[in-house]
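These notes are about the structure you will find just below.
Here the chain labels run A, B, C and D in written order, and each chain numbers its own residues starting at 1.
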Amino acid sequence: MINWKSLIAAALFASTGTTAAIGETVLRLDEVAVGELDPAKASDYADSILMFNVYDTLVLPTQGGPGHIGHLAESWSGEGNAYTFKLKEGVKFQSGNPLTADDVVFSLDRMKALGAGLSYLFGVVDSAEAVDASTVKFNLSSPYAPFVASLVRLPIVDKNAVMDNLADGEGDMKDWGQEYLSANGAGTGAYTVSSHNPQEETVLAKNADYFLGVGDAAPDTVRLRYGLEAATVRTLIAQGEHDIASQWLPPEVVQALAKDGAQLFTEAGTGAFYFKMNTTKAPLDDANCRLALASAFDYSTAVKMIAINDEISAGSPATGAIPVGMYGSNDASMVIKQDMAKAKEYLAACKYPAADMNIVVSWIAEVPLEERFALLMQSNFTELGIKSEIKKMPWALFAEQVAKPENTPHISQLFVNAVTGDPDTLLYGMYHSSTPGTWQSPEHLNDAQVDEHLEAGRTAASPEERAAAYGKLNARLMEIAPTIYGFDRQSVFAASNRVKAPALTDASQAFGLDGLGFSFRLMEMVE
Amino acid sequence: MTPVLRLLARRLGISLIVLIGVSMLVFGIARVIPGDPARIALGPNASTEQIAKLRASLHLDESIFVQYGHFIKDLSRGDLGISLYTNRPVTTDIAQFLPATLELVLVAGVLMIAIGLPLGIWSARFRGRFADHIIRLVSLLGVSAPSFVWAVILMLLFAYYLPLFPIAGRITDTYTIESITGFLLIDTLIAGNFQAFLNAAWHIVLPAFALALSGIGQAARLTRANMIETWDKPYIEMAQAYGYAPARIANRFAFKPSMIPSLTIIGLDFAAMLGNAFLVEAVFAWPGLSRYGVAVILRKDLNAIIGTVLIISAAFLIVNLIIDLLIAFLNPRIRYSQRDVK
Amino acid sequence: MNRTMVILFRNPLSLLGLLLVTLVVVLAVFADFIAPFPEHRGAVVDFVYFNKAPTARNIMGTDLVGRDLFSRIIYAYRISLILGVVVLAIAVPIGVIVGLFAGYLGGKSEFVLMRLTDVFLSIPPLVLAIAMMGVLEPTLLNAMLAVTAMWWPWYARLVYNVARSEREEGYVLAAEVIGASKYHIVFREILPNCLPAIITKMTLDMGFVIIIASSLSFLGLGVQPPTPDLGSMVAEGARYLPDSWWLTVFPGLAILIAVFGFNLIGDALREILGAEQ
Amino acid sequence: MSANRPGSGEDTGSVKNGSMERNSSGALLDIRDLHLGFRGYTGYTKVLHGISLSINRGQRVALVGESGSGKSVTARIVLGLLQETRTARITGDVEFQGNDMSSLNASQRRALRGTRMSMIFQDPTSALNPVFTIGYQFTEVLRRVDEKLSKEAAYLRAAELLHTVSIPDPARVLDAYSFQLSGGMNQRIIIAMALANSPSLLIADEPGTALDVTVQAQTLQLMHDMVATHNTAVLFISHNLGVVREFADRVYVIYRGRIVEEGATQSVFESPGHAYTRALMAAVPRVTGGGIPDIDDESADFHDPCFTHDSPIAGTES
């Protein structure tokens, strides 16, 4: 019986024999759709992977430790309102154009003009100017401690290539090359774009002329596929046709893969999973009600739900508003726990009767795991005598609805990370009263103390002062509980054994910045 | 053949009216979407001015009639606007995704006809016997489950437990095939790469079957019913009285007249596959228009929603038009009728 | 009607159909008594028993938060049946009235009504429902609305065809001659003649409505969790193939069984009522 | 043997004996003691209770009876069509050109149809396939005998044959479809087709009943002439005695699956022996002189044959 099966299979597989050049290595991975190739619009994980490989930034986080090192920048100086960067010599874009200070200025201008993606990080930057061909100066409107850190999100674009390819649009810059850059790469990066279909797949090829050089073992071709079903990825990896799964694979599937011998990559610690409560909507405008819900949540079950095996989990217990390891975070032992007695106390102190409550718990349609958290929450609340309903929201709709407090659901589930690795980029956007109504801030929090600590954190000069400011912030956020701090997030990727990615397996080589671990030039294909 | 031309002209006219109706309908539907498409498009961090600018450029602040006017004007130039989801012209997206869907639907349609009709003929010929009972049961089962259930079942059986077929995609990605028609089965042959053709064919088997199963069942049932009805006609008895072989009577004298009423429904079933492709493409990661359609609907991408629905409806109308012509071709009564050709 | 029943009961296939439909209806109606874990229809989590293959405790296994799949399927039947009944209860009268008037009155109203019908029929049914659900909030009520919107034109077309041919029939002419009102002719003369076709189509459509509704929720555009729905159960479970096969196979089979049952009965009815005409 | 035996229920046996006695060696078609029944959901239904009938070469024999009397099924047994119906049970002998039909298998029986025997149906227009041209259907018939006949040759032959049935413009007719032609025209085509392969037996089942009366008369006349020139024997099935009288040499009267009377047309009409025959004849306006009389569509069912008879004739057994 086995025989005929394998015979048929053999016959079929024979017809599919690979035609790729011998020895060429291909790395296949997947992410959720869509992959945005325009670096000024990059915001989510797939975009970041593309950006970090096709483009380079002035600085990079130090691997395995704090601080930043120069990347396109040779060196830099400055503090407070002005920073000056000296560019490395001899760096060439993929087009062959040399990298100049003009390109850096153009990249910042373009980022700010388009106003998409993570451009808000550069709100404090008034302007950039080219001092000479290899020197660029940034002028800030106010002191901003995490400025250097934020430069990891300023990819440098080939100005000449873009200017040659402007499409219709208003003003001098026409479309700022949006049409061109949405389909083509114009960076200095280690990989060039062979083809790009934002829904389906981006194919990248090794850039032999990369200024740092790319190792031979690094994959020759990278195929980043979008929107594969979990079951598809699971089987493709098992059949040896896929290498790295996205972090959005449900834990059960990762478990199944690990059991079959897949290796697990992890990227730790600049973000957390939050259940954000709308502080403007009754009954959650009363801190006691929020505290009641926060105490009722079953944290340990939530963490169990995301465990892959005894050692690796997609998260660790939360200790407060700030993930362990960042400025101001609590010690890893101070785990938040469910406490129903306290929850009942808080509920009694709340000005709204429990019987009248109907809490809307939303979950993002693209992240099925969230539905289970919603169910967990619902059953926890039921125990407390509070009614709740679950609402599934596609990401795009969610992002639109949080703009207005009245449209924002009572509870929104979000994975938020520090896009630059700095706590400021994690916390300021979430809790400062000047930034309500973005996808990060469905709390619509307006608290003077919180604002004060946040300002202190971003303007303080020394790391110690910053740590102190964030410590106070953490305490205040625990006290008024705008958020149920679910768990500290760690991304887990199931991977085939054909690929090595030190930046994702060895803590001493980790970047501490989401997506940067997927610098393909640092990966090795084993075959 | 003038009556056929007249029929064609009339059907084209009706199709055009219907298409305009469809465009109004989808346009209306798309414009009552709750939420601000400009804000959704620009993402969570956009500023108020940026949103206002985009709203103006999308004419979102004008009345729905003016908006529709703009839409028709653009449409007549072949411009469906920019997809706010992929940031590309909707026509580019559609041109990229449509061939994969059409290829899948066409192959499924061929399966439906190549398997469904013979089953129906057989069933009718051996009416009341064992083969008939089996075929009826199987074809009824075929229409009794949505195509995503078949997709999952086929995938489980023939891709997981018996790994005979691939579980996703249109072709193994080591083949680079230049896209000429967008139909991989054709492009691979144009490229003269027979291995790649086999590979593409191998990939399409499961999705096409999943999509075709209910159509096969429907076609078999319909053919059977119409064959049986035809079977009682005097001209069949006459054919028997003239001693033609039973198979010849079934396949020729009874089949052709039976096909005429069947075709309309088979055409509708075929067109329904355009919708069911939504379900199958999701399961088999088939990079077609339907997956795109679902994605843009979830993201409230107006231009893309309108474009997708319009294109699918147009394809639907074209299929029906072809079916009508085919019926006219098969049915001399229509070809030679002097009056009402509806 | 008696004869119909006799034939229904004698044919083994239609008997099977009756059996299946009865099973589904009984499960749905008495779900509260039959389901081993009635509370599992809602938001319950039980992480002791989650993602378990079928056992004696959970004959169809448990889902990812530990709910009994069998109980949820039973409750999902309830939703499906309610949806089917409501959709047909709205779509059929609308379609019948449009078809009757277009078919009988003719003229301008015929042109307008039938072109309107054509517009609806020109969008592949599922695509129309998907487009509508894209606009509406995904709730049970809206799912019903979207399916209804795509359903009535089929009845309009069916009744229209019958009515148009009946218009020329002797009894209608006779009624006109003796001066019967239009409404009398339409509802008392023509409608009864369409009834067998309508009833047969409704039985078959019960199955199709279940298919379409489950397709909508398969795409995430239908009934929302924690309300159990067969389509979303298949979609949810499909992510965990092939390891957690029970998550998809049982809800998938549940759809198949229900629709198959309705189709068997519809088929038998078609033969019987068709023969009577 | 007497042609005009008074009929009664008990007499059916002697009718049978009478046929048995007859020398059948010269007969083209000889049916002896033919029984037919159908198995159905409701049990077994007997339709024929021992029919005997004989036709000589070139002879025109009419089988007369009301609808449901069993005349059409008899015709279909002769053609070998009913033998292929699984629910039918047939016993008795049917001999055609000296061959016992029951000893032939389905394909051998089929080989006789369209070549040595053919049939004409009630409604010519519906008997022609509406989606094939007359030419196609006609050439197919011609190929029944000569499979290698070229398309052109078959076409010419068809045109020639159409000409013999007084169709003025055969080329146009061959390119046409049945629904484009008049009923009379179609009937002519059917007659031409039926006789195209010069069969020795033609079965005409109520030919032209669906047609206009005058047209029916014309086509019957045509058929009469055509079978004469082809020397084809005819089994003429009808409920219309007036037509039968004009057409047939010999008459068999069938009632509820039994032959109740037989004889030369002339003698049966002059002195009908059986009450049923008399009832049948009473239902038809008597005509004298040439020409075909008006058709009365009224069925003989209205006249209970037992009305003038004291012992009831056995009905259908169940």
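Assume a contact is a pair of C-beta atoms (placed from the backbone, for glycine too) under 8 Å apart; a residue touches a chain by one contact, two chains touch by 3 or more.
Remember, predicted model here, so these are calculated numbers, not experimental data.
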Worksheet item: Which chain maximises the distance between its CA centroid and that of subunit C?
Response: D
Worksheet entry | Selected interface, B-C versus A-C, where C-beta contact pairs are more numerous | B-C
Discussion item. I'd like the Å distance between the centres of subunit A and subunit D, where a centre is the mean of that chain's Cα atoms.
Written reply: 90
Fill in: Cα-centroid distance, subunit A relative to subunit C, in whole angstrom
44
Practice prompt. Report the inter-chain centroid distance for subunit B and subunit C in whole angstrom, where each centroid is the mean of the CA atoms.
Written response: 22
Worksheet item: Between subunit A and subunit B, what is the separation of their C-alpha centroids in Å?
Response: 39
Discussion item. Multi-chain contacts only, two chains or more: what residues does subunit B have there?
Written reply: 160, 282-283, 298, 300
Item to complete: Scan subunit A for residues touching two or more other chains and write them down.
Response: 229, 231, 235, 365
Discussion item. Going by the contact rule already set, what residues in subunit C reach two or more other chains?
Written reply: 220, 238, 241-242
Worksheet, complete the sentence: So the touching chain pairs work out to A-B, A-C, B-C, B-D
Worksheet item: Which residues of subunit B touch subunit C in the complex?
Response: 14-15, 17-19, 21-22, 25-26, 29-30, 32-34, 136-137, 140-141, 143-146, 148-149, 152-153, 155-156, 160-161, 271-272, 274-276, 278-279, 282-283, 293-294, 297-298, 300, 305, 309, 312-313, 316-317, 320
Fill in: Residue ranges of subunit B in contact with subunit A within the complex
35-36, 39-40, 42-47, 50, 85-88, 93, 96-97, 159-160, 162-165, 167-168, 172-175, 195-196, 198-199, 202, 282-283, 285, 287, 291-292, 295, 298-300
Worksheet item: Can you list the residues on subunit A that touch subunit B in the complex?
Response: 5, 8-9, 12, 15-20, 26, 28, 33-34, 36, 38, 41, 43, 115-120, 178, 182-183, 197-201, 223, 227-229, 231-232, 235-236, 239, 365, 394-397, 399-403, 438-440
Worksheet item: Where on subunit D is subunit B touching in the complex?
Response: 79, 81, 86, 107, 110-115, 118-119, 121-123, 126-133, 140-141, 144, 177, 179-180, 203
Worksheet item: Touching subunit D in the complex: which residues of subunit B?
Response: 128, 233-235, 237-245, 253, 256-257, 260, 330-333, 336
